[in-house]
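Some structures to go through are shown next.
Next, two complexes with chain A in common: one pairs it with chain B, the other with chain C.
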Partner chain A sequence: MSSYAITILTLIVIQAIVVCGLNVIVGYAGQISLGHAAFFGIGAYSAALLSTRGGLSFWIALPLVLIISALTGLLLGLPSLRLKHDFLAITTIGINFIVQAIFLYVPFFGGALGISGIPRIQVFGEALKGAHFLYLCLFFLGVVMAICWLFTRVFAGLACFALREEEAAATSMGISPVRFKLLAFMLGTVFAGLGGALYAHYMRFVSADDFSFPLSVSFLAMLVLGGMGSLLGPLVGALILGALPELFRPLAEFRILFYALMLLLMIRFQPGGILGESSLIRKRLFPLFLRRQP
Partner chain B sequence: MQLLIEQILNGLAMGSIYAIITLGLALVYGVMRILHVAHASVYTFGAYAGVFIFQATGSLALAFLGSMLLCAILGVLIERLVYFPLLKFPPYVPLIASIAVMLTIEELCRLIAGPQILTFSAKLPFPDLDVAGVHLSSTLIAIYVITAAILLLLWYLINRTELGLAMRATSQDMAIAGAQGINSHYIVSLTFVIGSAIAAIGGILVGIYYNQVYPTMGAVPAYKTLALIVVGGMGSVAGAVIAALMLGLAETLLIGYLNVPFPRDALAFVAMIGVLVWRSEGLLGSR
Partner chain C sequence: MNPALLEVKDLSIHFGGLRAVDGVNFAVNRGEILGLLGPNGAGKTVTFNLISGVYKPTSGEIWFDGKRINGLPSYAIAALGLGRTFQIVKPFSTLTVLENVLVARGITRYPAPSCLWTSWKSRQEAQAAMALLDRVGLADLAQRKAGLLPLGNLRRLEIARALAVGHKLLLLDESFSGLRHEEISQLEALIRTIQQAGITVLLIEHNMRVSMALCDRIVVMEYGKKLAEGTPAVIQQDEQVIEAYLGRKGESDAS
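And now, the complex of A and B:
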């Protein structure tokens, strides 16, 4: 593989990890979030600060990053207890703008200059780069997807599904919306924080502009296109939307237009996502392979 | 003192412009319950249409009328081709579609007109005034007068005409309104015509006020106006207008005059979170 392909793939895998987190919040628990880039940013900034100013190695900093992410997820998940649908969507957009403004205006976070000089991740005394870093990201993606799979099988996951389908009915069955919505938010932000930490150590530089609102939109677009609530959806969505701009590179300045048009056409004609329940692939393609023997 | 008065006048102009853009969003949210983010790109498109018509004909009146017509057509196209078929899906689907529409229109503007900032040096036919040593430029007066005229017309349309009654009925319940013999899809399209034409006026006014038109001029208003319709009370047009005026004043006074070290574009969202905590139905909203 060329180093170009490795770079693109690494970024796609990191985004897939973040989108898996979004899937827990939006796909499993049914809480809309348009501020996921903020959680991604919080993970990246805490990893950057802990490794540069704190001088900690990635492996010691990672648990701290995950704890910070979980706590902010808990805090910023609180609005979801009072707000629904459109209100929650706009509030999460607001959270994204405010978090980005804090990164930009508080000198502790490096202001407009961002944080540079983030060290590479060390494994057995060797700095990871190129394909090796990609393998590390793939390993974490595997862990995240395994946790997601497990989550759909245990009571907490089923409780989230129930809340997504009908909150009043689920509550009357004794499922606490407070506990399980916050749990979903925490899990989702922990994954976003993990993605952010990997991103910070890969780019070795973070600035507030890397975590702006359009990134949140593209995370949600990846999830919706891949298919919300499905295990593989985030991966498929991240692959397609991550690769599209690269595939359109020969189109030069028409690239963003084509990207926007593809997104528009896909959401307009396949709003359930590519692997969603009523998608063309599920209806036409799956039966060809999955036909049961009589 | 004089500086304060001038800042207040500028803040009112900012607020008026926010109000003009937010109007369309509040109207659309009222009838369709869709967050029409792409409205800000209709406004960008309107500014471009205005510049080009003005450069071609030299007539500001033609620029306003032509741009309003083109924006109205664009708004109806967005509604018919994108939003209406997606109404039956959960709200995030039309929201993402709207963001995709916005990106598409912004890119089309950039590709057709070029990425550079165009100047819009037109003089609006209003007098310059000097009152007690405070200078009021013709552009400021134009913004106040035109905004007031739009608000009055819209108030009359919604509250005093049969068409307005049909619009209010459609926004309360589309299905029941249809059962009462109101062609609700026609009313929805009409709402897009009105909102988009008003956005065109806003685009041209902003273009003249700052003397610049560029492809991403809608990016910041796109999300700020979302916060404004929450502060005003979802779907409440009057509330959105009051919120817009207050934001314009607050931004100019707190950040421009008092130099509070705070990011200007995040202020709307901070206000929004305050409103959601203390009065979650918004300024004029009802539960």
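And now, the complex of A and C:
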């Protein structure tokens, strides 16, 4: 594989990890989040600061990064999850802008210069780069997807589905809306934080621009395209939207416009994602390959 | 032991100027089927929502099994063994019928951290949920998406879910409405077996024949207030009740 392809794939896998987190919040628990890039950023900045100024290795810093992500998820989730629908959407957008502004204007976070000199991740004394770093990301994606799979099979996950479908009925069955929405929110922000940490050590430089609102929109676009609530959806969405801009580089300026348009069209016409139960691809394309014997 | 499982004392809730429930008192005795009747807009569903913790009362008290429950959140009241259905059915539409019941079966799990690692996909869980579906006659449709069921089946699904939660008390809000004739007699029989299993039932019902036949006692409400209380025989003779109903006969037939 060319190093160019490895770079693209690595970024796709990192984004898939982050979108898995968004899937727990939006797909499983049915909460809107338009500020997911903020939590990606919080993970990235935590990892950057702990490894540069803190002098910690990635592996020692990682649990701290995940705890920081969970706690900020809890802190910011608590007020926002008491809101619904449009209010929640607007609040999460607000969180994105505030977190980005803090990265940009608080000197502790490096200001406009960001944080550079982030060391590579070491495994058995070897600094990971290229394909090896990609394998590490794939390993974490596997762990994240396994956790997602398990989550859909335990009562806590079922509680989230029930809240997504019909909150009043779920509540009458002993499900505390705040507790389980917060749980989903924390799990989602922890995955975003993990993706952020990998991103920081891969780019070896982070700045506030990397975590702007349009990135939140593209995470959501990936999720909706791939299929909300499905296990493979985040990966499918990240693969397609991660590869497309590379194929259509000249159109990069219009990317966000394209994502927004696609989001609207998907939600209107293919709410289950491109591979979802009622999608065109399933209905029209799959039967061509799976034609039953008469 | 106090014979009353549920006691409502001087219960009121005001929505702005509207006194939807206004100083209501009644008790549901252990093991009985109590009917809550009254014309449209009388405040019956609001009373259910107060008992189940959806609304907080403006004043008054609610006692359930020796505990004061007004002020507790809905999910905590459910955990005490109080199950309910909704007049406007609320299925988990994209989940299957079986999964709908499994959600309700989780009632004992949700408060504890073990809900993070206990699977709902085990065979015992499925069997227990199937047994509930069997009781309401939905076993054949277990794998169907709940959103695809007709109203009659959704009402039965609501009862199956409520049964999984309410091992002490069931609140049934117009479970008979929208059912066909033969479905009504099946449901009557089901509610009798629920009573025989030792579960207390409080039900809202517009169908006079059904409520007179099924209920041990009846409470009638009008304009948020209690109008009358007594056995079906007594209620049928009550002047005020007859007036309240005859005055609105056309209206309640239309609903």
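Heads up, the rule we're going with is that the second predicted complex is superposed on the first by the 260 of 294 C-alpha atoms of A that agree within 3 Å, B and C clash if a C-alpha of one lies under 4 Å from a C-alpha of the other, contacts with A are read in each partner's own complex, and residues count from 1 in each chain.
Convention: a residue touches a chain if its C-beta (ideal position, glycine included) is under 8 Å from a C-beta of that chain, and two chains touch if they have at least 3 such contacts.
Since we're looking at a predicted model, the values are computed, not measured.
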item	value
Touched partner set for A:172, first chain B, second chain C, both or neither	second
Partner chain in contact with A:162 - chain B first, chain C second, else both or neither	second
Touched partner set for A:85, first chain B, second chain C, both or neither	first
Which superposed partner A:65 touches (first chain B, second chain C, both, neither)	neither
Comparison of chain B and chain C by chain A residues contacted	B
Which superposed partner A:154 touches (first chain B, second chain C, both, neither)	second
Chain A residues contacted in one complex by chain B, in the other by chain C	none
Residues of chain B that touch chain A when the two form their complex	29, 33, 35, 81-82, 85-86, 89, 91-93, 95-97, 99-101, 103-104, 107-108, 111, 223, 226-227, 230, 234, 261-263, 265-266, 269-270, 272-273, 276, 280
Residue numbers on chain C that touch chain A, as the complex places them	52, 54, 73-75, 78-79, 83-84, 86, 90-95, 99, 102-104, 106-111, 115-121, 161, 164-165
Interfacial residue positions of chain A with respect to chain B in the complex	26, 32, 34, 79, 82-83, 85-87, 89-91, 93-95, 97-98, 100-101, 104-105, 213, 217, 220-221, 224, 253-254, 256-257, 259-261, 263-264, 267-268, 271
Residue ranges of chain A in contact with chain C within the complex	153-156, 158-159, 161-162, 165-166, 168-177, 180
